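After this come two complexes, each holding chain A, first together with chain B and then together with chain C.
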Partner chain A sequence: MSGLAVEAAALGVLTGGVYALMASGLTLIFGVMRIINVGHGALVVLGAYLSFVLFRQWHIDPFLGLVVTMPVMFGLGVVLELVFIRPLRTDREALSVLVTYALALGIEGVLGLAFSANFQQLSVWYESAGVQVGDFHVAYVYGFGFLLSVAMLSGLGLLLTRTTFGAAVRATMLNRAAAQLIGIDVAMISAIAFGIGMATAAAGGVVFGITTAFNPGSHYDLISRLLTIIVLGGLGSFRGAIVAAVLMLVVQDVTAVLWSPTWAAFTFFALLTLVLVARPQGLYGMRVRE
Partner chain B sequence: MRLAARGAAAALGAGALLLPLVVDPSILNVGVLTLMYVGLATAWNIIGGYTGYISLGHAGFFGIGAYALGLVVGHLGVPGGYGPLLLVPLAGAITAAAALPVGWIALRTRAATFVIVTIAFMFMLQILATNLRGLTGGSQGLGYPVPQGWGPDFVDVPFYYAMLALAALALGVSWWVRRSKLGLGLLAIRDDEDRASALGVRARAFKMTAFVVSAALVGMIGGVYGYYVTYVYPQFVIDPLIGISMVLMAFLGGAGTLAGPVLGALLLEPAQLELAYSFGSARLYLVLYAAVFLVVILLLPRGIVPSLVDRLPHSPLEEGRGGGNPDGPA
Partner chain C sequence: MRRTLLGSAVILMLGLTGCANAGGSPGAGSGKPVVIGVSLSLDGDFSGDGKALQQGYDLWAADINARGGLLGRKVQLKYVNDASSTQQVVTNYQNLITRDRVDLTFGPFSSLLTIPASEIAARYGYAFPEPAGGGPHVFDRGLKNVFFVQPAPVVDNLVSYAKWLLALPADQRPKTAAYATEDDPFTQPQVDRARSLLEAAGVQTVSNKVYPAETTDFTPLALAVAQSHADVVVLGTQLPDAIAFIQTFEQQHYSPKSLVETTGPDQGAQFSDKIGTANTEGLLVPAGWWPDAKTTANDQFVKGFLAKYGGDAASISADAAEAYSVGEVVQQAVGRTNSLDNAKLIQAMHSGTFSTIQGNMAFDATGQPNGQSFLVQWQHGQTVPVYPPAVAVAKPEYPKPSWQ
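Take a look at the complex of A and B:
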């Protein structure tokens, strides 16, 4: 019994890494632009379908395919920001929720037209093949996904802390108006941040598409998890997003083996509720006056 | 203007009362669902529009109402007919009781966090409704008694008037809130909560009141809907699309105004039903719905009513978001 729990916890850490990557994109977008991208889940699903097409048509490995899908999704993100987010002038926070919600519905509809509502899965060789650790079997895909996430999160961390661009991003996150006053092109930073968020969605989509059967409607499940992760971590906090993602997946996977898989997601929501009672700003969030 | 608005409202009310007498019974269900959304958008507006707390989880309260009424009717063994409709206030009370702890937690957060917490609450309820099979029937659904003796030409009529009564109730409450000290406090909270608190507005109590009242109204409407469709399933009553539709309607007409949500629902719900009817395919419908949605938000971000009011020389009627905008066209 406890062995199962340890295995579940280990798997939780590995998948938690991937959720940390997707949630980082979401929290980056919030931090820079002060908007909640409700369409993030739909974009992860879109990323999964892009990889699916590359894999099905040209037999391109989903992980290698990221060389193509990440730039495509980055470009799409910049375009979406320019067309749908930037025109919002008044009441941005509320309206952006609605706009990105509409984008999610639109993407769901388009994917449904293109691929039908049937469930798909990326069936690669490392989906089931894996290594034996003691009594446990861990499929390679979890390891690959974890490594990819660690690599991308480190890259993102270096970009944000070691470059001039990163300094501009952090300045924008701290104080948009002041950043603008000292000559930072806040509009451009926003578009690029949205693009980076999409790129993380593409990367997350690959692992999601290999480990889970998905259809165009899968984004509801994803977005409810990703949003609760960034709220638990504290909106705009990368450290919070990573800690909360790993915590969520561990709690969920352990609940699934010790109690029941149907209650796994519920446990996490319950945990979120408890944290919010004690700390409405989340684990690493700061109290802000809005 | 004030007189014209009252005249229009009276004409609309009279038309709504007489509608079942004149339209073909087979299309009365458009009326039932439109009135349902008039009520939902108006109820949502009390917390989302006046107070500025954007709840995307109101479909959760809709579901609570639908399950609550079904369970009460089932346990009391009320037969189909007018009985279940008379028990609707009880569904409202149960929903209000459920909204108390939800609001207590959710309203500790603000702005973006509040939006997300309401979404999480809705999905949490969906999981509960699916998993608590003993109570809700899980994915098998929860059945209502079928009304006996209501022929196909009549069956929509009681539901139509029930929805009309609830829409009128929601409007009455919304109107009263808007004119009361409570409403002024809510608007102050929307504009600047910290300043409002500092000036003596009891922000916490006011927000809770708005949240619970809004939820109770939505729950009652959910109850009538559950009885109307006779079978309640988790994903169809706790449906994110229902939750977002009421928000979109309020924004289209003008969130924070009395007439805005009504106007938004009257315009959008028939259009939505027409879209769904003529495009059969749920996916194409979803794409078109998203397109309408985006156009509305990008072209009319403040909604129809505030935009119209700005065009009038003096506009004491609606002091919504846009009231007295100096940049507005004269």
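Take a look at the complex of A and C:
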């Protein structure tokens, strides 16, 4: 039984890494733009479909296909920010929920027309092949997904901490108005941040599409998980998103195998409530004085 | 003041439009089509099944219209999307009945949605023939308008499976079994019934998990089943979890001697494409219909389906056949009563036998069918009935081969 718990915990860490990648885009967008992008789940599903098209039409491996899908999603993100988010001048946080929800419904509708409601999956060789660790067989896809997450999150971390652009992003995250005053082009930073958020969604979408059968409606369950992660981690915090994602998956997976799947979500949410009572800003969030 | 006046004018206009709509009865005049309202899950968890139901309903409507329609009037299906939501399905039927004034209603996908939807239909006296809501709770609410158009009540779906396992020679009979099911009114009663039968016969339960229907990550659950090393596995699944469990079993190199799933293996190519046709070999699913069944007009249904939607016979979802059968039952009830009056149709459907592509069926006072479901197995890339012997066209494969 304890062996099973260790396996479930290991699985939680590996899948948690992928969720961290998906949630990092969401937390970046919130941090920079102060908007809650409830369409992020739909963007992950869109990323999975883009990889699916490359894979089915041209037999391009989904991980290699990221070379194409991430720039495409980045570009699309910049356009979406310009068209849908930038016009929001007042009450951005509340209005952004409505606008991005509409965006999610729009994406779901278009995907439904293009691909129908049938479930799809990226069937690649490393989905079932893997390595034996004790009694446990780890499929390569979980390892690849975890490595991709580590690489992308490290890259993102370096971009934010070691470059001038990163400094501008962090300044915008800390205080949008002050950043504007010292000459940072906050509008451009926002568009790029939205694009980066979508590019990470594309990367997350690949692993999601390999490990899960998905259809255009798959984003509802996904976004509820991603929002929970960034609330626990602290809105706008990368470190928080990573820790919270891993914590969520480990707690839920271990509860599911040792006790009951019915109590898995409850146990996690009980933990979330306790954390929020003690730290309303989440694990790594900052209290903001407006 | 101007704004108030403008607002009042708009409200007045809307009110008048509403009255105009309410005044026109779509049922009047023989030239008007017979409008049948259906809420379908075109998004969300059941969207795969919702699409398949739509294919079945559309095909029936095309067939009946080619033969002159119902009572000489063309049939027109009015679909609304419920996104697999129990709230939306209620709103949809409420609107279909009170606003759109449809002549008849057909049911949605799943017991989960049929339960609240049928209450609405009952409130307005509409007959509610439905293709996919067969859980016990559909029938225990004292409603007289529900008719489950499948051969057998869902709770008994896995009885054939349990009987077959227990009829195996003593040295082959499984000693241990693992169970996992969604907490869904369709899946859980079937799995519980099978478990009680197998436990009573001495098959030890080594794992038993019930998971919320909104679960998206099935890997830890499948891992728990795999680690139990049970001889046989009984899963209460819809399509996505049916696929996910098999993929994890494959990853873990765990191949039980027998694996049955409540839904998934009956979904044709949607299922076999995802896990690979070679891996379907030996998988079991309870069913009330299969493409080669020698039931009335089934060959025409299959031919018509392939002509309209393409693919091959093995790719036809049982959902489509079930939806088509709903149309057949209603068509016969309308023919017998020579009426579209819902009260008369309810009475007619409670008496007599109806011929469908799933076989002949009759309904008891609660709307449950009186037949028996059978066990279908994937063999050489196709599904064939294997139990009970009366309907079997092939011997069941046991144990099932290892994953490819």
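Criterion: the second predicted complex is superposed on the first by the 283 of 290 C-alpha atoms of A that agree within 3 Å, B and C clash if a C-alpha of one lies under 4 Å from a C-alpha of the other, contacts with A are read in each partner's own complex, and residues count from 1 in each chain.
Just so we're on the same page, a residue touches a chain if its C-beta (ideal position, glycine included) is under 8 Å from a C-beta of that chain, and two chains touch if they have at least 3 such contacts.
In this text the structure is predicted, and so the values were computed from the model without any measurement.
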{"item": "Superposed partners chain B and chain C on chain A - clash or fit", "value": "clash"}
{"item": "Partner chain in contact with A:Gly130 - chain B first, chain C second, else both or neither", "value": "second"}
{"item": "Which superposed partner A:Gly155 touches (first chain B, second chain C, both, neither)", "value": "neither"}
{"item": "First (chain B), second (chain C), both or neither touched by A:Pro280", "value": "first"}
{"item": "Which superposed partner A:Pro71 touches (first chain B, second chain C, both, neither)", "value": "neither"}
{"item": "Touched partner set for A:Leu98, first chain B, second chain C, both or neither", "value": "first"}
{"item": "Touching partner for A:Tyr220 - first (chain B), second (chain C), both, neither", "value": "both"}
{"item": "Partner chain in contact with A:Thr262 - chain B first, chain C second, else both or neither", "value": "both"}
{"item": "Superposition clash, chain B against chain C - the stretch among 97-105, 205-213, 223-231 or 241-249 that is involved", "value": "223-231"}
{"item": "Chain A positions touched by chain B in one structure and by chain C in the second", "value": "108, 112, 117, 216, 220, 262, 265"}
{"item": "Chain A to chain C touching residues, read off their complex", "value": "3-4, 7-8, 11-12, 15, 108, 112, 116-119, 121, 123, 127-128, 130, 135-137, 139, 211-213, 215-218, 220-222, 225, 249, 252-254, 256-257, 260-262, 265"}
{"item": "Touch list for chain A against partner chain B, complex", "value": "30, 34, 36, 38, 84, 87-91, 93-95, 97-99, 101-103, 105-106, 108-110, 112-113, 117, 216, 220, 223-224, 227-228, 230-231, 235, 262-263, 265-266, 269-270, 272-273, 276-277, 280-282, 289-290"}
{"item": "Residue ranges of chain B touching chain A (in the complex, touch as defined)", "value": "52, 54, 56, 105, 108-113, 115-117, 119-120, 123-124, 127-128, 130-131, 193-194, 240-241, 244, 247-248, 251, 255, 281-291, 293-294, 297-298, 301-302, 321"}
{"item": "Touch list for chain C against partner chain A, complex", "value": "42-45, 47-48, 50-51, 83-84, 183, 209-212, 214-217, 219-221, 223-224, 227, 239-240, 243-244, 247, 250-253, 270, 273-274, 276, 403"}
